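Okay, structure first, notes after.
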């Protein structure tokens, strides 16, 4: 079977990870998974929320949002409606949890990093692109914090790397990294967040039309694990470039 | 290993499902999973939301909430704060999706059923108890709709049954149906929604502390599938009683 | 004249007051006035709101809410609408004022008790059932505070007891404790809160259709005073049982 | 006993009722009870809220608000806080109910009148001044509707008149029309709304400190009935002047 | 050309500035520009917002609002809608900036003055009347602060005076101080805030229909400068009266 | 005098206007004025808001927002705070008015174009960059509407072009197109919106510290008119390229 964009079932879309996209943020990335483009910034601030003060531990959190015309038809701004929708809440929480899975709070010290993931253009997989890009922004912000001596611990605050990908069953075939058109046709849709060493941080599978059996679930998990390994390699390559972001 | 309440790892807490708990609602259930008590009502109304009018298809949705003192320390009411929190949003959406997985919209016809799941007392697993109880309330509301000739199709709107359970890894051991004290100590926490025939509707696993590997994931899925099978039997028994709820 | 449920004009509906309904709250009661069921919890916390700090005086407040399907047709949740309606505000304030009328703030010390009254099922008289039940939960919370030495004064923080009942004129006849069907037909509707020694804490009478004269007002006040005396006896009986609630 | 402003216990403060205070509104009044000044406008619009369409009946409602510096210390605007407080809600509802008590909805026809009562300066009794002034604005708006043939019924939409006054027990003495300084010292505070023929529309008594007995209640009701009779006469005098407001 | 109310193009409407309109506020003015009437209060409080603490500098801010029936048809209250509209925000900010232009923060010391401008009746030019009146209320509040020794600096906190006026081009003719009927017909509408010595604080010109050229802009600025000079003289006269406001 | 970035007083920062930046929007532009980068999308929809239906006239409106880390320190999201700030409101309104100034509503027909201007990176002049970029996106959306025959009139809906620039007085020198560092030091700050033929659409001048006199105002207007002429040429060049955006 050939996919609508010619990919094989286990192939990612073209992925780009551009660092240093903001002159203000301590870490910033424009990540694209095909036509999905997400702008991720990592804002480093000294201090932690009130409930964590005096603990000696840091905090990492995420916020996700779509620009109103990121999608094919314009959506109302949540700021104009005066409330955040359930989907936005859900994805923001997922981003925060995913990145906290590789943070050693003690090593981070009483510092806070907020990851803002704003979708400039959506074509399926915005949350997985967001997590994958946010990890790179986070790594840059932590490097910045160490260079400024705001992170004082001897050990590395990052205990691993994280990336995320979507998988789904379309017309009976498990596919990796669904684009929007595939996503709407999928019977089952799953988002998987993995560490660089191949363990799972989040597995969120939903039967959109037909419940799925264990065999299908296994096939999806296999595909996702492979996709995350590829993304992990792309993150490493992006972080290996000399170009450091210039936030002062 | 013995659990804090003496259960074996694969044992559910005592589960009760009391139907007909409201004289107004078309379906209503007080469900308890140990000390977790959730009041589920199914409200049947003719007609569907505007975006679905004229489609000939029905709609099912869910809303979850905790009473302020359902937990050990009192939480502020979301109505007083003026906004719904991310967790509430997330669980409400999960309940709606889970129940829609066993609905044949065409057979339901242009009718709407809202499942309100209000947690009276929380001790871990409130979302899974809510889904399990809401299914029974839904079944009663559908029976009511058929008896009132508001559901006119010849075929059954329910295409199956759903129940849900939590599983997690505590001190290295996979456990079924975590109570609150186990939940806070779990490294990995997973909520699984299954149909009565053993397929998956939702799988939501989260690494709270340590990422989990494929073997642990498999052990958790096995446990959850067994737990859902038990819950499915309990739902069937509850629905088999003669006592029909008396909403008029 | 015989009432729709066979009561005499000056007769209460069957009233039940079950204590210890929550394992978490310091005081908790499920109160029913006929088919009206309200779940009341009293949450005891050390400390007082900022404006009262350092005064040596405590605070007591109330919050009232209806579950969405407490009534015959489902109402939207106030948390979803993002604001609290006028009726909810009004009743919450009434509950707080009524219970504060029997509190000696100095004897309570700098502690706060919040009374949450959530209507599980409504059939008229929800605010009066709430006040009557909340008093019992309050008494249990105060007993708990004394047993934990959080209330340190020698004298009793409760200066009396309070209960409440509705009265109204239906087809020219003054009736006690209106059920919903009577309430919608009433020309005049009055809610009266009394202390156990027969004095008035609140008198709120409203002409729904016809203004009422002094003679009618007097008849209603007589009925209400009698009803509150009966409720006061029922409260005393409920509090006399040995069963103490088990909040730890 | 002499009151702080030299009045006798059963004496109103100086009351003024100025009609035609707005060039836009169909009825408008600046009412003062001593230093309490409330600006009341009655806005007449053809048509009724959706839930009343096709009923042939009209609707009357009220909204109350305080300017931020109406009181001795500035309060935040409710529009800035983003929500209406309980007290505002409660008084708005009271104003609406009080005026609807003298409206024949059928005679009004499918027209709506909104009474806006904005407190420019507060010195106790703002809600009673608001109701007393709003009645006069309402009468002018109804006269306007009849003159414009928007009210078509042969019979008068107003079935009576309403006025309101506060009473309270201060240092053991029942007093009429409390100013702010008396109000804060009162043990019991009652707001009474009467029709011009001496019947009751609303009786709202609250024990601020000490519960009150039946004798005290009777004394307060006597005082209030007398005060309302005086206000009723002042309303009649204000409406008897030739000066009609000039809304076009 | 003669204007609809008979004025010449460069003539203000009758302007009145009544001081001491509130017994509570430290400064208060009822200002009218023809049928536009705005009630301005200046509330003086010791202390400054948190972000300014310890700076030794004061703060001045403004809030603007329209009563619901200030206009020809009733508008919804912003408090009821739960949010402030863009126009209100914009004008509130303009008022604050305009008055801060003549404040020496150091001389004011750590005190805050809030200017509330509530439009009782609108007929064009509400923001300019608000600024003109608010200046007078501000001057009174500052005098009050000095008399109470809350302002301790030797030099005057007011570095000048401010007034404001609207100008516009109607049917090709530049006009001063537009009434509502002129305003809706204007091609260009400009609000100008000047100091008493003839310099500009704000110039806000908007092409409502046709863009305007430099010559038209110059003509409007000339007119506005003249209008502000007249208003400045009226402010001085109002402040010269002996009558001091009586806030205690 | 040399400016901090080496420009002459009357020189713009490097300006880039990239069209076709979104695959979904009917018009889209990434505009930069130096380090200020704004993403502008024009969303074309058939139909108009309710209040304009049946008029045969179209509508154009704007919404402005800053990403949370567009600035040097992270700001809270307005969606999270639940309300839009005054500054955002003000700029959104300015963008809408500015673009409507060159729209012939009849020629546009009953179509709506929404201009979303999201600031990705801020360094002063975000509103003027937004207007300048939004004009180009608008022109593309109108071209799209004509190509799709949704705009049916024979005459062009655009009656001209608009661009905008900021000017200010820094250390006594009038400067064009202030960057952030200049902006915070400016005594007077003015935003000017001009049509391509050199007329004014908006003039908004504010004395930040010192009121400004007529001579300074004239100097600023001269500078702004020159800057807008340059921007107008850059817009024309951007629109002259063959590359049409590919929204389908």
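Letters A, B, C, D, E and F mark the chains in the order given here, with residues in each chain numbered from 1 onward.
We adopt the following convention: a contact is a pair of C-beta atoms (placed from the backbone, for glycine too) under 8 Å apart; a residue touches a chain by one contact, two chains touch by 3 or more.
The structure presented is a predicted model; accordingly, all values stated were derived computationally and were not measured.
In this assembly, D is the chain whose CA centroid lies farthest from the centroid of chain A. Centre to centre, using the average C-alpha position, chain C and chain D are separated by 29 Å. Taking each chain's centre as the average of its CA atoms, chain B and chain D sit 50 Å apart.
Chain F has residues 82-84 in contact with two or more other chains. Here the chains make one closed ring, and walking it from chain B through chain C gives B, C, D, E, F, A. Chain F makes touch with chain E in their complex at residues 83-87, 89-90, 92-93, 97, 101, 160, 190, 194-195, 197-207, 211-214, 217, 221, 225. Residues 22-25, 28, 35, 39, 41, 43, 45, 63, 65, 67-74, 77-80, 82-84, 88, 114, 116, 118, 120-123 of chain B are the ones touching chain C in the complex.
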